[in-house]
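Dumping the structure here so I can ask a few things about it.
By written order: A, B, C and D. Residues from 1 in each chain.
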Amino acid sequence: MIRTAITDQAINAAALLEEVTSDATGATTLFLGTVRDVNDGRAVTGIEYSAYTAMAAEELQRIAEEASLRFDGLRIAVEHRVGTLALRDVSVAIAVAHARRAPALETSRFIIEALKQRVPIWKREQYVDGDRQWVDPTTQHVSAAAP
Amino acid sequence: MIRTAITDQAINAAALLEEVTSDATGATTLFLGTVRDVNDGRAVTGIEYSAYTAMAAEELQRIAEEASLRFDGLRIAVEHRVGTLALRDVSVAIAVAHARRAPALETSRFIIEALKQRVPIWKREQYVDGDRQWVDPTTQHVSAAAP
Amino acid sequence: MNQLQVLLFASYADAFGASTVTVAVPDPATVADVVGALRSLPGGDVLPEAPLVAVDRRYTRGPVAVHAGQEIAVIPPVAGG
Amino acid sequence: MNQLQVLLFASYADAFGASTVTVAVPDPATVADVVGALRSLPGGDVLPEAPLVAVDRRYTRGPVAVHAGQEIAVIPPVAGG
């Protein structure tokens, strides 16, 4: 099974775990991305995630389908949230289950790496001083945003 | 932080996630081992986990401490359950959080691989036909158990 | 010349001051023509040498032809996860 | 000779019919002496050539000395997870 979604609702990690685990699976992995309090040395109060929603949904689904070709019997559920998130809020959840651990663990890693490279989602960090900046991973630091 | 336990209670995966996630973490991983319905071609109805409890607790803690030396700022919680488990029951949960995903993902993998090699826990599978056998991973199939 | 609508997001939308812009390009046109036309607009200097362009919600590579009716988007460096 | 208690688990406990057995070994004794004494007991043929032995809840390697008062355990192939 594969299910992927871009959502503006809070992500229910426990529900994703439940969704992928079956009688035939022996290993379930969950990866959660959460908002943390410091990035690039600046105190972060929240992150605003935006997406090219139609393409993000399609690209995320393509990634999960590519991942599913690598091992038989994978069960995959992925959600990425958009909107304004506070500290500790879950931005992305990747749940993968398989009969054995190696396919589950490797698929989880495959999906998060591909997601970060390919899915058209952006984040603007909000700082303690009220400033906001778009994060540009290609430069390994944040780039100045328009006011 | 590090917390490890051998427990005879049901594992609360959501509580472990909560426990390791902090304002400073951006990636949380969870690995769950669950009882599955087929092993080595035989229909399994449950698994009885037993342990050399005192040593299992110490060895599990040593593994988590070794893992914690590999990256700064890891937060680790691991529980392994013993007793008789039914299909889908969680036998082991490994929750790891870190500021960044690579340390979290790699630590999760490190811990499950070391746990499977070193922690003195055994499982006896119960089959549909009423038979029970101890699982011996070193022979890649189950070995005959005493009646 | 042909008028094409282009979708912009995040830092690019901020730089151009719009989430959709219309550019005039030769007919037939390529992705490079679209990027060249964008670059000449106010805010166009935000674009790197070879920005990512998606057509109909798929990334393009190389000299891909584009035409009216397609969904054309210029994609800033992604930062999901 | 010295009497030492040895802890057994899982398939080994089943084979020996007990979770603790007492073996007589030379004084001083090594882990190999303990394994040798176990092998001569009923059920002892369950043991592989070099079973894992833990002393005071740590795995041993090589010719480690053991003495009364230590917690000695022979460990079947583990299968946690």
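What we mean here is this: contacts are C-beta pairs under 8 Å (C-beta built on N, C-alpha and C of every residue); 3 or more make two chains touch, one makes a residue touch a chain.
On a predicted model such as this, the values are computed, not experimentally measured, just so you know.
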Each chain counted as touching chain A and chain D at once: B
Most distant chain from chain A by Cα centroid: D
Euclidean distance of C-alpha centroids - chain C vs chain D, Å: 72
Centre-of-Cα separation between chain C and chain B, whole angstrom: 49
Length of the line joining the C-alpha centres of chain A and chain C, rounded to whole Å: 26
Shared interface positions of chain A, touching two or more other chains: 33, 101, 112
Residues of chain C whose C-beta touches two or more other chains: 81
Full enumeration of touching chain pairs: A-B, A-C, B-D
Chain D-touching residues of chain B, taken from the complex the two chains share: 33, 49-52, 54-56, 58-59, 80, 91-92, 112, 115-124, 134-139, 143, 145-146
Residues on chain B engaged by chain A in the complex (per definition of touch): 13-14, 17, 21-38, 87-88, 99, 101, 105, 108-109, 112
Interface residues, chain D side, partner chain B - complex: 7, 9-11, 14-15, 17, 54, 57-59, 71, 73, 75-81
